[in-house]
Amino acid sequence: MELDEITISRAILASQMDVLIDHMELDVAVVGAGPAGLTCAALIAEQGFRVGIIEKKLSIGGGMWGGGMMFPRIVVQEEARRLLDRFGIRSTVYKEGYYVAKSIEAVSKLAAAACDAGAEFFNLIMVEDVMIKADGRVSGLVINWTAVGMGNLHVDPLVMGCRYTVDATGHDAVVARLVEKKGGDIEVKGESFMWADRAESRILEHTREIFPGLVVAGMAANAVAGESRMGPIFGGMLLSGEHAARLVIQKMKE
Amino acid sequence: MELDEITISRAILASQMDVLIDHMELDVAVVGAGPAGLTCAALIAEQGFRVGIIEKKLSIGGGMWGGGMMFPRIVVQEEARRLLDRFGIRSTVYKEGYYVAKSIEAVSKLAAAACDAGAEFFNLIMVEDVMIKADGRVSGLVINWTAVGMGNLHVDPLVMGCRYTVDATGHDAVVARLVEKKGGDIEVKGESFMWADRAESRILEHTREIFPGLVVAGMAANAVAGESRMGPIFGGMLLSGEHAARLVIQKMKE
Amino acid sequence: MELDEITISRAILASQMDVLIDHMELDVAVVGAGPAGLTCAALIAEQGFRVGIIEKKLSIGGGMWGGGMMFPRIVVQEEARRLLDRFGIRSTVYKEGYYVAKSIEAVSKLAAAACDAGAEFFNLIMVEDVMIKADGRVSGLVINWTAVGMGNLHVDPLVMGCRYTVDATGHDAVVARLVEKKGGDIEVKGESFMWADRAESRILEHTREIFPGLVVAGMAANAVAGESRMGPIFGGMLLSGEHAARLVIQKMKE
Amino acid sequence: MELDEITISRAILASQMDVLIDHMELDVAVVGAGPAGLTCAALIAEQGFRVGIIEKKLSIGGGMWGGGMMFPRIVVQEEARRLLDRFGIRSTVYKEGYYVAKSIEAVSKLAAAACDAGAEFFNLIMVEDVMIKADGRVSGLVINWTAVGMGNLHVDPLVMGCRYTVDATGHDAVVARLVEKKGGDIEVKGESFMWADRAESRILEHTREIFPGLVVAGMAANAVAGESRMGPIFGGMLLSGEHAARLVIQKMKE
Amino acid sequence: MELDEITISRAILASQMDVLIDHMELDVAVVGAGPAGLTCAALIAEQGFRVGIIEKKLSIGGGMWGGGMMFPRIVVQEEARRLLDRFGIRSTVYKEGYYVAKSIEAVSKLAAAACDAGAEFFNLIMVEDVMIKADGRVSGLVINWTAVGMGNLHVDPLVMGCRYTVDATGHDAVVARLVEKKGGDIEVKGESFMWADRAESRILEHTREIFPGLVVAGMAANAVAGESRMGPIFGGMLLSGEHAARLVIQKMKE
Amino acid sequence: MELDEITISRAILASQMDVLIDHMELDVAVVGAGPAGLTCAALIAEQGFRVGIIEKKLSIGGGMWGGGMMFPRIVVQEEARRLLDRFGIRSTVYKEGYYVAKSIEAVSKLAAAACDAGAEFFNLIMVEDVMIKADGRVSGLVINWTAVGMGNLHVDPLVMGCRYTVDATGHDAVVARLVEKKGGDIEVKGESFMWADRAESRILEHTREIFPGLVVAGMAANAVAGESRMGPIFGGMLLSGEHAARLVIQKMKE
Amino acid sequence: MELDEITISRAILASQMDVLIDHMELDVAVVGAGPAGLTCAALIAEQGFRVGIIEKKLSIGGGMWGGGMMFPRIVVQEEARRLLDRFGIRSTVYKEGYYVAKSIEAVSKLAAAACDAGAEFFNLIMVEDVMIKADGRVSGLVINWTAVGMGNLHVDPLVMGCRYTVDATGHDAVVARLVEKKGGDIEVKGESFMWADRAESRILEHTREIFPGLVVAGMAANAVAGESRMGPIFGGMLLSGEHAARLVIQKMKE
Amino acid sequence: MELDEITISRAILASQMDVLIDHMELDVAVVGAGPAGLTCAALIAEQGFRVGIIEKKLSIGGGMWGGGMMFPRIVVQEEARRLLDRFGIRSTVYKEGYYVAKSIEAVSKLAAAACDAGAEFFNLIMVEDVMIKADGRVSGLVINWTAVGMGNLHVDPLVMGCRYTVDATGHDAVVARLVEKKGGDIEVKGESFMWADRAESRILEHTREIFPGLVVAGMAANAVAGESRMGPIFGGMLLSGEHAARLVIQKMKE
């Protein structure tokens, strides 16, 4: 059989466009494909919900690839180790309670798990605004190609509807800041000083619905709350992603 | 137990530095963590060799994340489908002989496989020269942080030794061009026009040891040979990675 | 009736994707939406052929908007005046044989005519390579989003098939140069000195099929031929576009 | 007849300079050549007033060329469809009440209509300040070449007088912000969240004279009022342009 | 009397446009307003010829403002001192045969002299090509706003006719290089090593008509000839400007 | 006599360094070499005071070179015409009370006059701070090479003492803003809307000592006062420069 | 003996990593390797404490290399001369009480002294945050490669513990500003006007522990206090470094 | 005694200008202040010759600060160890024949030695050309501020005479390339592949007078000769600097 370039092109266009048009109405939009977002999306999608992961960069993984200071290792504490195990990420003990894993393995396996659970990735897409209508809920995301922003092009966005949004965009807390800036009654305080122990122990209480329809997870949760900074440890991020998933699933089932 | 930031930092430094010092002498250095490089590295590492994957970017995956024109789907032909299956990457038939997979799933699972096989990733590291001594072989890579180049800093490199090098850096054919530029007797011709069928059917013959100690794979193989361009199809890249692995393993066992 | 954002988004996606998938096989691809390209596309599409106009910028019109030195007027000589009239572009006589029109009116009406004739515009898309297979003809264009290039993103292209290609990309002669660079047996000589009279009188003979399947028109025709430069006069461009249309129509009907 | 370059150059200079000197006193200056501005200018000029359209870019059309997310289609609701028809822009029904048109056709035909109505375009020109004298009205615009700003050149502006100014510069609301910044008693609130239905239904009431001599139209009107964002729908913009035209015509006739 | 902004604007437009249209046909175009160009232009204009000085920058003066290494002093040797005196530029003796003047005084008085002699300045305008017709002479310059180049705008040029052109653009030798690049039979060799004495003593023989209609002067003359570099001394430049003036005047009178 | 490069270099260094060391204590520092600064410096230096003109750019002249919108003409009203005459700048009447001059002639002759009067230019030097000691006066300027700022180099400044400083830096009002920012009790209000007549008639009252030892002139005077903008007319700038000179001379003589 | 590249690489990696892991817990972290920081670090290290000097640039020395306005000389007053002598930096008397030294000699000898005293340099490393835990003290620094910031890479930091931190980062007062920004109860006022005498005489009282665990020295001390600017004199910086050393040593011994 | 800012400024200007004027005629100019240049300059200056070290950057030290891959350690082999000892740079044995030193200590002590020997540093100055007169020797350097180049300013250079020039500018071999480019009969081949052992053993033979008056040292010597690359080892550079010093001293004494 001879390969035909046009058939290949059409195969890509047609299959992705079906997915895109289909996913213009999501159950849950997870913004940011870092450790918290991937964990959260995988766990919600496992329950059969229609989940879209929106990532502004070409690649997913966020700040996890580089480990600490470009040494590609991450550390996870005792409580979060079961999540490493759950996703098949191998780790070694450095000292009691400190588990070291390879950052690239961690990203790859979290992403693979999200795929297997049925979550759909929309990379190279940025959120430039939110949709809030008469019910006062975040009920959609105003999206555009990241490349439109990079090229400084004047091009209008489209809108993707969603019942729940999880802001897992790290300390930028992109979605929360958009809501704050446009007049929503929330305040994004920004992270405080580094104090890993405190930050890790409080992150679950900061992982919550801060505005109708909008849940924050991972570093974004601590940034909104003005909590201490976490340091080069990723357990809290995985646990927060899991917690956000539980919250959203519960709400969706109500 | 209270988390201690300094212990976390030391855990990262110590575990990665052991790996780094240990891997300054590799069996095989695979340069470029795109589809060909990941496939190749996974298959060689499975045989128990010490494999390092050197990737200049923060994330691995090369041009695969974006699918075709930012629609994150890839197409694979019949012959390469068994490699998708081998790495657990799901696909659907678009038309007979044309299989569509999700690009993000493909990257993630190839990387996960390379990790599981024992290959070690060195991301954010660029190859700025090669080491060729009296025996006329490529016997090492002159490496530096990519960030040193981005920041235009004047900082000297280090050298990583290796018995074999696989250049899987795409159409730039970075290692091959370094050998050419410094006087090695090879010519990098650059890709010709798009003609997917021809490019796919010839890639295996172009995947070969072009200079003592240096094997080219994936798009780099076609670029060196002046072959037609492949188009938005990834089967040839996976097959070329597999072929390069076989060549290297055979040589290593000699 | 209440407006629904998601319906609006789906309307845009669905209608354009149908067009895009449908137009992956064109009769004629006109590259460059300046005066020559627009004229050419309008005249071919009028004959019922499936014509796609590929323009790398957000807006069409090329260098016509700015007139001469940012004074938005263009000049057209006697022979080309009937083309102004044909497209409804008003002009005034400056001196016998020199007709002045408004540049913005000229662009708008040429584009409107191309639309009315049924040509389909693909703006923000660049041609990064051509497809040439066993028959040695340009039989397709390797396309990508311009924004991918502006953002320096590593994203693969798609392929759009076409029976004939018209290179109307101005003095860059983008498609002709791609063919030359990849080894096609043509030479792009570049424009010579300014000599309007000579340039205008020779442009029709330079408007021709320079490579199987590839016709050059407008400034690209003169640039390929090493002809004199035309100066701030647009008649030759319109006439060349018309001539290219005739050539292509004749070939298509053979 | 032999073509003479110098005659061509003089033809361009002389014809445009006459227009420029003549139009230093306008009846109405429309700033911004997007959909609202073009509609507004066409309708006012049709009444015989001297209208100048000032556009900072080389091409006119604003954000309309790129449709939604670079898919060049626009959507218009029932109420605005008659304006599409009036300007000869073809559309198809996607679903009841949602009409889809081609963005490039829409721009071209709006611009052609403005030309035919007698409006004069001044592209590549930016407004860097306004003139307000003893009567407290905006009675002129302080203009400069956009290229002067791009090249960061220190060059003084000129002044173009006008009885009425329409700010149709999109969400930047350039003229309104200049008035606000220099101490005029108005506030530009900026758009609120996306809520297309509300935005479309309120835009006509926001299209008004916000400062003596200054009318806002299109997205600028909503941005000044702090209204919801419109989403990828262009009906409101056309209707607002029409409404602004009516207001200005009425005032001019008083 | 009350000042009116619009009258001021029209005064500027009208007076300069008359000059511009009038000067589209020059006797002599001097390109580059550094010391050689200013001297040359002043001396030719004094003879009653219509002289235009085309300068790409906002300010004239070229490299003279900064003296040597930002110390704003210039040195002139014995032979050139009479030119300083002629233009009223004061100097002091540093050592026998070495006269020091203030660089800012030198520029100002040369420019004032050129104005008084009747030469017309066209600053912010670049030469992007030359016009050469059947007689094989440089008979015009293809000009554009410098700002068009700085802003990377796609805008067509105009053409300014001239009987003689003097290239006084310094070591870039802009006009000469355009002629060389487009196929004129001249070679621009570029300056050789620094050797002030040799460079100064040879500059007059290099100041000559290198192509029909094109005279080179100042550093451009040495750059074309591959002569030694002059060093921080300006006498040769003034003398070369004077010599070029004599040559051109003689030719014009023939 | 043979020219010696090293003697030339030493001539430049030695003559300028004597001037520089000598001028580290000035009577009057005029900051900004535009029309107001040049006029002011020329008139003060004529009285025999030691005047230094500090200009951050390579060339002097400020925004005067470009006339209005790159048409190099300036307009001056009746009252200021005598200053044109005083400096030998020719003008023509456009309409009663509106005199048009060439911008390049104006700059050159103002600068020549300042040189002849004995003012010393320090171009390529920026003011990065002011010196204020126990007496609460501006008694010195903290200066550095402009190139240090452009190259973003970390290099310390030097201090130039002066009895009076004139801020003639245009609407930036650089010195005034430094005093305001560091806590001096003045407010720089910024220019208001364009209203030439008002601006011109008020500029003399705004030209005053706004802080002990600091006089503002030209556009800087209006910018500090929050006055209307002047428009493309230069009479007020010349008159303000003259007025500032009178104020400073009077103070110096007290 | 034959040199082996891999042994060389391992020698560098192993020796520096031991130092790095070892110095993750410091007695004193001195941030900024300018004159104050080098003096301070040398004097504390001489007492046997474990001192790390963190410098964001590739080279140490801060703003001292360039002297005043790129003339590489520094001036030191009488009181500080003994510190020049202590570090072997030669000086000459310009005028009573004013000693001139070469800036490059000064930097080199201060750095050599710090090395000899046992302080360890960590160059190319930036402080991006501080660690403050339950005791409310600055007890660690959150560090990252400067190159990560220059390349705009998303990479997590590590943490370096320290009992005392000296902020010697010049007028940026980087560490102090981080504490202020994140909510610590201090205010960084920024330097006031130039007044060398006052600044020099007050610097010792501003050199103090401004927050538990954080001492400021050199220009950072004056910047925090809102003190006058010092001018091109370096005595106060050396004296402040010495004073900070005394304070810290006393605290460490308590 | 009260400190006076103006006296400080004059002290810096006067002392450096004396040095600068005095050093416009050098015995030896060493270009590049890296390890080879510093060693060479120190050893020549010790013999009483007038040596100037010209360094384009603000800081000296070249690529030595960053050690290998930003780990600030350098390695030196047995033969070069005595040079470390001579300059007081401490080292430790990693393995027989491999000595590790701290890079910052090495730079500081080499620079301190050059200062003590009487060499004069001219930092922030670049060489933009060479002077070659009738005798065909490099007899001077055409210098300018580096900041002039960074700011892209059009400012003329000065000339510094010298009997001998040492090009120690690293692999750029700046001076050698200038001679080659301007027509001197030498070829700069560029470094070959990494092969430390060969590079180190050959460097002394490559350290030689390649053109009358021009000696190359350090990496520049190997780059000119097309020699293998040295790798992260600095012994050869120190030895080459010493060798160049011997050559020059011998020549100077002839």
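Which chain is which? They are A, B, C, D, E, F, G and H, in the order written, and residues in each are numbered from 1.
Everything that follows uses one rule, which is that a residue touches a chain if its C-beta (ideal position, glycine included) is under 8 Å from a C-beta of that chain, and two chains touch if they have at least 3 such contacts.
This is a predicted model, so every value here is computed, not measured.
With steps allowed only between chains in touch, the distance from chain B over to chain E comes to 2. The chains touching chain B as well as chain G are A, H. For D-F, the equivalent interface within B-G, B-H or G-H is the one where over half of the contact pairs agree by residue number, namely B-H. Put simply, the C-alpha centre of chain E and that of chain G have 53 angstrom between them.
For the pair chain B and chain F, the distance between C-alpha centroids works out to 62 Å.
Rounded to whole angstrom, the centroid-to-centroid distance between chain F and chain G, based on C-alpha atoms, equals 40 Å. Along chain C, residues 5, 8-10, 12-14, 17, 58, 65-70, 124, 131, 140, 145, 147-148, 153-155, 158-159, 194, 196-197, 231-232 each make contact with two or more other chains. By the definition given earlier, chain contacts exist for A-B, A-C, A-D, A-G, B-C, B-G, B-H, C-D, C-E, D-E, D-F, E-F, E-H, F-G, F-H, G-H.
Chain G makes touch with chain A in their complex at residues 129-134, 140, 142-145, 148, 153-159, 182-184. Within the complex formed with chain F, the chain E residues making contact are 1-5, 7-17, 58-61, 65-75, 77-78, 88, 92, 94-98, 100, 102, 104-105, 107-109, 111-112, 115, 121-124, 145, 147, 194, 196-197, 200, 231-233. In the complex of the two chains, the chain D residues touching chain E come out as 5-6, 8-10, 12-14, 17, 20-21, 24-25, 58, 124, 131, 140, 145-148, 150-151, 153-155, 158-161. Within the complex formed with chain F, the residues of chain G that make contact are 62-63, 65-70, 191-198, 229, 231-232.
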